[in-house]
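Two complexes, one shared chain (chain A), two partners (chain B, chain C).
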Partner chain A sequence: MPIYDQRYRRYEARNPLRELRFWPITREALKLVVARRAFLLLLVAAWIQFVARTIQVYVVTRFPDAGRVLPVDGRLFGEFLSGQLGFALLVSVFGGAGLIANDLRTGAILVYLSRPLTRVDYILGKLAALMSLNLFVTLAPALMLWIVAVSLAPEQFASLKLMWLPLAIVLHSLVISLAMGLMALAVSSLSKSARVAGLAFAGLFIGLEIARGVLRGMFRTPETGLISLQGNLHALGNALFGIQHRFFNQPWPLAALALVVMAALCLWVLRARVRAVEVVQ
Partner chain B sequence: MSALVQFRDLNVSYGALKALTGVSGEVLPGATGLLGPNGAGKTTLLKTLLGFLVPDSGQMRAFDLDPGTAPLDVRRRIGYMPENDCHVAGMTAAAFVAYAGELSGLPRDEAVSRAHEVLYYVGLGESRYRPVDTYSTGMKQRAKLAQALVHDPDLLLLDEPTNGLDPQGREEMLELIRDVAQKRGISLVLCSHLLRDVERVCERVIVFDRGRVAAAGTIAELTGPRRAVFEVRVKGDLAAFTAALAAEGGECSAADDGLRVLLPEGAGAERILRAARAAAVQVRRLKAAGETLEDVFLRALGAGA
Partner chain C sequence: MSADEKALPPPVPFLRAARAVFDLSLEEMVWSRKSLVMAGLLLMPVALAVLFRLVANLKHAPAGIDLYGLVVAMYYLRNALPLAALFFATALIADEVEGRTITYLLSRPVSRASILCGKFAAYVVTTLTLTLPGIVVCFFLLVTLRGFSGVAAFVPDLLRDLAVAALALCAYGALFTLLGVLLKRPTIPGLVFLVGWESLANLPGWLPRYTVTAWVRSLISHRPVDEGLAELFQTTLPAGEAVVVLVAITILGLAGAYGIFSRRQFVLDQ
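On to the complex of A and B.
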């Protein structure tokens, strides 16, 4: 049968546009990323620290003397989230680098932007997908760990004194996920190759940290840490969980401000790069 | 017949580069061709219609809406098939087209069901579960058409839909587009630099040249008996005949079988015979013909030069 003889059905219904227009973008991005077996393994591996910390909490609740070597208190969660930062980096590199770069390479950006979607919907959809993945390796295990700790040592963790812990966990996880997500997407929008974008993001993250180390060696002031994303995230976490750290000790308000500036820079890059028309001046 | 799209004195630029200069026109229901050489401003007009570009001045209305202020309402009624490749990496055609439907506002179930129907319609039914990345150029073009059709738009914008296709693929694509316009009742704008494509599909045409509208109207109007056209074959000194014909106010160009002679409006075949006598050539064939879209196109471009 010739193709033009086949049926084409007109669609009369015109539903109002959905409120969360970005949701299909988030869902499909997650489906495509999670479909890779290696990435699933990475997500599973990100829970290894959770298992180790659970054992630590269990051992300390059974043998209180062990608490002198492996203290179990509010700082445990700050250190846990700091440890998860490495996985957040890997998730952002392997899960986030291609989110916009692939759309630029295959021309899919026009498929999105010629629909009833704004650029904000598009960026929000991609960011929500990457943040969900990052929250899966930060917020989810940290909250689970807190639940385990409350169950094993209710007298310690369910006390009013530590009631701020879940809030601090949520806040720090959100800051990590948002900062990593925005930076990964901004770098992704600068390339048409997911591989190049992934390497560039990892290089930027590690490079800024190396620069922080060099500047600290030269000037010996904690404020040098403000140029590093990792440094600022650590500093904020240390402030939230009451940790005194030898290296990441820049003042937390400045670290928060530096993160806001980095986020604004990423949004500026995204605004310039995510467009349907390349303007040639 | 009320216009789907109207534009008046539209000026659009990319930075310092003026892409459209004071263009006016309208797109009526049915098939309209945007014709012109590369860089003439056809795609710019489509991108302004989609709200990607903001006009420097002038007015554009689509479905009585301003694409600049209500781009989402305009875009949900438009299906856009871009000139270049477009697909989501790693997705099968079925998933890609359903996704495109959902992005256009269709409920998930309806988007999936329509994706399968549309893929069958464009001839990709059997290969709809293959990733689009693995498709040939022709199949990718069909997938692009399917994603533009899935939400049943009121207006389909096709930007160079036959790009990169072999002759058979081109025929099939044009046949499909003609079917969309004529049997399925979807209005469309076909943007092309290929006269034959536009002639095959469209009833109306807007000819662009260097950011301006050089000619506009139905193909019948534009190619109607405005100038007398003859197909002529002569034996003898062709250069002398051409010169004699020019003295009579005629133009000629090479055709498949001899010459194609265009005479001023109202002129008759006697001018050709006079020119033949003056050039001492023998007329072997003389046949009245109509002006083709190519003649109109070349005339329009020539007038703007």
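On to the complex of A and C.
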């Protein structure tokens, strides 16, 4: 067509290259994190409890008297997942602190959002990376432990009475990973330094928990635990696995509501901070 | 002596150089978003104490000194101060490296010892400024729950707590300064130390002696009811030894940090 016949044409952005637009972000974020040897060591260390619990299940199945001291039932998995919270914190700090902070520092966020990607895709991509890492230290070892327990004591763990266990494990692991992931990302979006974001997230996580301890000492009511992310995750786990705990005994519906409020707050922070513009002051 | 060396200006005396670095670092530390975050953490007990005074039924409330002891022992000394030290002290040199401003510091005629000391002094002043007022306000808010009578009897406790908080900030600060100089990414090892290693303080035998927190908590008189293993095995170590150990940790930590910082070459990524 001759050039003088060319008319103004409306620009049409190309269609997204794939259905799951967030996947390249997740893949690249995972590649960057997993390339660090120290992080791999941390992931391996997160399985130490799995080994210890496997030994516990083995000992109790071979010597039933030991079950009086170390009971092996559904509660084992709730306690296991509560024990993994510390590793979930470390994994979130190591893997999640820089996810948005580094993009804000280098200006890469503008490059991301100038591609055929929406803000939701960007956040989903980062969240999926962090959730995968968290699930690797919660869901994977817990499910593996359940398989080991079923294999060693099928008459106990493969019974109808405990058929709900895998579902509870998946549900609690997903809640832990989602809550930790959202909070880590929200804190990461508030700073341009991965180190500051990591320490701020750890400070928030631990600070709210110690504030819970102080409030409990002051008011002596279980509802004081609602301010702590850790406390709410424990309370939800206790309800799912039927654990009676002396300290994390706030009502589970309230704990679930508190987690929803925390998640909504994190999403609001992410919505405000993840933008395709940079305000230069 | 070569002609080039003769042309170099004489190095600035240690104290003057340290003072200059202190002024610069203090300005950066106090007026920063980081300090705002830490102020939130360190002043949270004040908000909790105000809430308690407003909401709680004071007739059935526990004794004010017990609540104050809980805040000092459980909140400040065991958790918040070590976290604040990790937050600030690991960043003393790392911030300069990350911001690529370490070159400007190292190319001035000041010794590396004066840089480290000036920055550490700024850390101590910043964290004390954020911590001590919080402890004092908490003391008066909680101990005066049932009036001002008898408050004077607890003032020596308050003074002791303030001194222990300062000592704890110095010991943890020196330890984390060493970690910050030693490692490129000190956050995770620091957190592992605080969450993992420091839990040894709750075990029986000699294990508490290998932690900092056991020495720190031995210096205060408050013994709040604890959760978990600490409830069973809380060890109290001799106070005299505790002071010596904490001072030794501070000196050794700073000496180790200086030893590494004085030899390290900082090659910045382009």
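Everything below uses one rule, namely that the second predicted complex is superposed on the first by the 260 of 281 C-alpha atoms of A that agree within 3 Å, B and C clash if a C-alpha of one lies under 4 Å from a C-alpha of the other, contacts with A are read in each partner's own complex, and residues count from 1 in each chain.
Throughout what follows, contacts are C-beta pairs under 8 Å (C-beta built on N, C-alpha and C of every residue); 3 or more make two chains touch, one makes a residue touch a chain.
Not measured: the values here are computed from a predicted model.
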Superposition-derived comparison: chain B or chain C, residues of chain A touched: B
Which of chain B and chain C A:8 touches, first, second, both or neither: first
Touched partner set for A:82, first chain B, second chain C, both or neither: neither
First (chain B), second (chain C), both or neither touched by A:26: neither
Chain B versus chain C as contact partner of A:238, first or second or both or neither: neither
Partner chain in contact with A:116 - chain B first, chain C second, else both or neither: first
Touching partner for A:56 - first (chain B), second (chain C), both, neither: neither
Which superposed partner A:195 touches (first chain B, second chain C, both, neither): second
Touched partner set for A:134, first chain B, second chain C, both or neither: neither
Overlapping contact positions on chain A, where the chain C interface meets the chain B interface: none
Contact footprint of chain A on chain C as seen in their complex: 33-34, 37-38, 41, 44-45, 48, 52, 55-56, 61-62, 66-67, 70-71, 74-75, 78-80, 83, 86-87, 90-91, 94, 98, 185, 187-188, 191-192, 195-196, 224-225, 227
Interface residues, chain A side, partner chain C - complex: 38, 42, 86, 89-90, 93-94, 97, 191, 193, 195-196, 198-200, 202-203, 206-207, 210-211, 213-215, 217-220, 246-247
Residue ranges of chain A in contact with chain B within the complex: 2-4, 6-11, 13-15, 17-18, 24-25, 28, 32, 35, 98, 102-103, 105-108, 110-118, 275-277, 279-281
Residue ranges of chain B touching chain A (in the complex, touch as defined): 14-17, 47, 50, 52-53, 71-73, 75-76, 78, 80, 82, 84-91, 95, 99-100, 102-108, 110, 114, 117-118, 120-123, 133, 147, 149, 151-152, 172, 175-176, 178-180, 183-185
